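Note that the chains take the letters A, B, C, D, E and F in the order they are written out, and that residue 1 is the start of every chain.
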Amino acid sequence: MSGRILVINPNSSETVTGDIDRALDGFRGAGGPAIDCITLAEGPPGIETERHVNEVVAPLCHAVRREQASAVVIACFSDPGLYAAREVTGSPVFGIAQCGMLAALARGERFGIIAILDASIPRHCRYIASLGLSERMAGERALGLGVTALANEEVVGARMTAAGERLRDEDGADVIVLGCAGMARYRRQLEANLGCAVIDPTQAAVGMALAALGADR
Amino acid sequence: MSGRILVINPNSSETVTGDIDRALDGFRGAGGPAIDCITLAEGPPGIETERHVNEVVAPLCHAVRREQASAVVIACFSDPGLYAAREVTGSPVFGIAQCGMLAALARGERFGIIAILDASIPRHCRYIASLGLSERMAGERALGLGVTALANEEVVGARMTAAGERLRDEDGADVIVLGCAGMARYRRQLEANLGCAVIDPTQAAVGMALAALGADR
Amino acid sequence: MSGRILVINPNSSETVTGDIDRALDGFRGAGGPAIDCITLAEGPPGIETERHVNEVVAPLCHAVRREQASAVVIACFSDPGLYAAREVTGSPVFGIAQCGMLAALARGERFGIIAILDASIPRHCRYIASLGLSERMAGERALGLGVTALANEEVVGARMTAAGERLRDEDGADVIVLGCAGMARYRRQLEANLGCAVIDPTQAAVGMALAALGADR
Amino acid sequence: MSGRILVINPNSSETVTGDIDRALDGFRGAGGPAIDCITLAEGPPGIETERHVNEVVAPLCHAVRREQASAVVIACFSDPGLYAAREVTGSPVFGIAQCGMLAALARGERFGIIAILDASIPRHCRYIASLGLSERMAGERALGLGVTALANEEVVGARMTAAGERLRDEDGADVIVLGCAGMARYRRQLEANLGCAVIDPTQAAVGMALAALGADR
Amino acid sequence: MSGRILVINPNSSETVTGDIDRALDGFRGAGGPAIDCITLAEGPPGIETERHVNEVVAPLCHAVRREQASAVVIACFSDPGLYAAREVTGSPVFGIAQCGMLAALARGERFGIIAILDASIPRHCRYIASLGLSERMAGERALGLGVTALANEEVVGARMTAAGERLRDEDGADVIVLGCAGMARYRRQLEANLGCAVIDPTQAAVGMALAALGADR
Amino acid sequence: MSGRILVINPNSSETVTGDIDRALDGFRGAGGPAIDCITLAEGPPGIETERHVNEVVAPLCHAVRREQASAVVIACFSDPGLYAAREVTGSPVFGIAQCGMLAALARGERFGIIAILDASIPRHCRYIASLGLSERMAGERALGLGVTALANEEVVGARMTAAGERLRDEDGADVIVLGCAGMARYRRQLEANLGCAVIDPTQAAVGMALAALGADR
């Protein structure tokens, strides 16, 4: 399998891009496709509003056209510009929200999502409805942490476990999706704490991209 | 990424297992997990009826317990024994029908399935309804070929294109799922003929298994 | 109306078969069809897992072919082998889970199910989704009793009432389905305790079988 | 089993009541409940409009209160007054449209309805949606016959077969519901012509009423 | 824009008609259509049961035929006779329940309904299901007040706020529909108390009637 | 009723804004709110792609903040920036696609949409699914006209009738929505040609805005 998978972080945080990049090392086998992660310099520091989601579309499409890739992954849980990017490239384009939820459905009956911000939940719910997946969503819970606290791994890990427990025990989720890019480092511990599968959406999307490229060898 | 992905062909045809095996070569990178394909000797030559689906469950569960695997893929488009296998192993178990359809949803709006036999379609439809995915299914069309004709690649390829065209033009599918294991060799040509993505379900399942194992390194 | 309705208990417990048999006496009028209840000797003592559900299919189909019947009722709330049995007989085949839930929908807005075991609930839910009936299901609650306690009618009756009250008051059910064969003796008392209709699924299935045979006289 | 099942024909046609009555002979076994069919003198000759459906409710409720019955069946495929009748009696009340469709779901995947009049189809569709059953409805087709032609059994039978064939072949129905009371005499021939189950809704409702009374003996 | 919008209060309470009338003053601009509110003398004092809903249909249809109107609004939250009235006039006929809920969907994600009586909720729910809107309904809560208390504006206002808070906080509603005609005077205060949009269904229906007439000038 | 309803045409065509403006004259009564239509100078000449939809969001939000309005209507059938605009104003914001479809549901059972471009249909379908309205959509048909032909009213009118006939006769629509702003002048003729209600979405949205402001007097 050859080719190049381009993973675009549509916010301007290089730290997040670095976290995403490390989480994909497991997919980088000898002879496999290159997996390159880039940062969208024009993006906001974080994608937190409807308006942010819309505003990154133009630079994101520009990046998709500029970069040569066999497959593109948009690494933000709002899948900004997914359909617009498909208008500007013939290569497959994957959104990590879609891929994370779809991969979750292969592991359990009903998925729960751990979001960063409460304000993103209605936006996510509309999107999930547009995908016809609402009846297999158990719920979504936000961490409820400010920017400073988000830098504290211990605090974040504890909040993730608490959110996951509520999704599992109150909402009936039996598989959890991390509702954010760049959180893969919490995944294994969370699986151990919750006793159920946890999906990192960027890993899910890259797995799907690999399968899409799988017969090209 | 280390570990071993076990792909079980629940029918007794070694030829089918060989076809499956070759379609997974693209996932076998240096340093990645082993991907081993086995044949269920106790299975029927092909899984064609409700009763076949049920009868392979016991030997399939026996194989899952006997073999040591980090992840298991059941390579039959009826996903026989998926939930039963999850009762006997703590490793993730994937069914190719589920994975194929879920992967298709990351590529298009509505998927069409190319089945081998007409008689399988009601069974597939009940299963798809149980997954809550019916509203994103455009349709399913069978090849309508006897055993002899199925051995003729040219005939099969032509029928696949014809079925795909009907799914695309009459049913509104914009992504096609091969509704059978061991058909991956037709995938690229079919994509070229139809002008839309074609999903091999076993490749889709192995891509998901890789992502599930992705953080274990 | 003539003919023979065959009711198959797919577990090997003769006690359960006897309970089923007694619950059908009301349908045995002079001139009506025979209603015969048999035990599947090859079945497990109780059907409690996915694997049990699968394993009874082969002997059940064998029994359906061996016995001559105008209509067949599979008397286990997982409807094991329902679709497989239809492959081996031209007579109508009814599953008591389907019939119990469908009959409940003729009596109320949303049904609640009283299950024996918690572990059966996800299996039931997938099945109900496959039937397109999820939106009219209020919930399912298990008795949470061990084998010994299940033999104590007083304890079982009290737990059924407690489960029914939760289904009615917390989940919004206005009709209750007994999620097990052989529990009809609790039905009238439960109706009195809960103030709503309670459906015995085997009685429901036999009522449907009678209607199916109704014009044969 | 004792008691009395009251079957109310809400139109004023004694001929229809007679047809209904004959179709229920198979349920009249020695020792079973009485099954009495009455005509609603205040009803219109046929129930053909929204307004008819509404206007029979008051006299129908009056009849339910006046007659003593263990169970009531409303024998019109629009189920007029079903919920109103439940307000005036503590006995179970069944509507034949509901029962016919629910019984059909125990026999096949998707039901088709043969209606008398085209104008009834939107009313039926709204009702079926209110029951959450739309996704298992294949379609509805009307006979398209005037009053005179409806008296000609040969013509009606031929039109029923033609409608059933379209429901089966174009709409995908694998079980047919007669969308009218008093048509049971066509049932067996139609089953033979179509090769699939045909449900008479009044027989279906009486079968459910018998099951509801089943434990009262 | 010329013409006449006829608003029919199908209960016999002139007080309610007066409340409805006042709530529509905002729509009465110079040059716009007349908006006339009438009381159905034959109606019950309040529409509280299934039977009431049915019994007003005949006099309501009579009124629709008698009065000349460019558009008709049926001002009761059960939309009695909506489909029957459409059979007797060529002018558009609007039901306030439908219009109130549809207008709510233009303002938020999921609507909550404040009902007068608990007993109306199942009837409303069946109706909402028939409209295919159940998945966007958050819930319905009743005021739980007797006739005397309903005359006390302070008590009613407090109960409305309490019901609205439960719909918002427990059920997830982000827009509220007043589930009754003649309650518009509570609307603005309730919006202020709850911090979300509140829809008066009669105002919503008249807004839709105006748009339907909009191009007639 | 006082206040100001701001109608924003998010494309840069003053001609379209003029067409919209004229279609709203019927709502401009003495004493009613001002209804002002503005053109988004930064928009593309027409909104035809996913990218266009995204790119107008920033200037549209800027306009919403700059202009003082009691209610805002976004007059493009893709509802661009609807949720983003709600983030930047406390006044109600209406999207004409939502309002047009919701108003249609108050007039008929299933709506059909007449689109300008085939390429917009998948985008509309995802949006309709996100609103939970798919099951009441009969279909969408495009005019299939180039820019020059779109300026020819006779050609456009004939194509609209042809599309409406297919929606009515092949797809089962009983109410039609004009899937574009600025087409109201075709509405009455189309209603006459098709014999069913036709909804201009901008008129529908302004009717809803009037109702929202209705109690402010």
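By our rule, a residue touches a chain if its C-beta (ideal position, glycine included) is under 8 Å from a C-beta of that chain, and two chains touch if they have at least 3 such contacts.
All of these numbers come straight from a predicted model, not from anything done at the bench.
Participant: Give me the chains shared as neighbours by chain B and chain C.
Facilitator: For chain B paired with chain C, the chains in contact with each are A, D, in label order.
Participant: What is the distance in Å between the mean C-alpha positions of chain C and chain D?
Facilitator: Averaging C-alpha atoms per chain gives centres 25 Å apart.
Participant: Cα centroid separation between chain A and chain D, in whole Å?
Facilitator: 52
Participant: With chain centres taken as the means of their Cα atoms, state the distance from chain B to chain D in Å.
Facilitator: 44
Participant: So which bits of chain B are touching at least two other chains?
Facilitator: If we look for residues of chain B contacting two or more partner chains, we find 126, 129, 131-132, 135.
Participant: What is the shape of the graph in which nodes denote protein chains and edges denote touching chain pairs (line, ring, star, complete, other)?
Facilitator: Basically it's none of the tidy shapes, so other.
Participant: Could you please write down every pair of chains that are in touch?
Facilitator: Taking the chains two at a time, the touching pairs are A-B, A-C, A-E, A-F, B-C, B-D, B-F, C-D, C-E, D-E, D-F, E-F.
Participant: Spell out the residues on chain C that touch chain E in their complex, using ranges where they run on.
Facilitator: 109, 135, 174
Participant: Residue numbers of chain A touching chain F in their complex, please.
Facilitator: Contacts found on chain A: 49-51, 54-55, 57-58, 61, 81, 83-84, 86-88, 123, 126-127, 129-132.
Participant: Where on chain A is chain E touching in the complex?
Facilitator: Within the complex, chain A touches chain E at residues 122, 125-126, 129, 134.
Participant: Can you name the residues of chain F that touch chain E in the complex?
Facilitator: Interface residues on chain F, with respect to chain E: 1, 23-27, 29-32, 92, 94-95, 98-99, 102-103, 105-107, 131-133, 135-136, 184, 187-188, 197, 199-200, 203-217.
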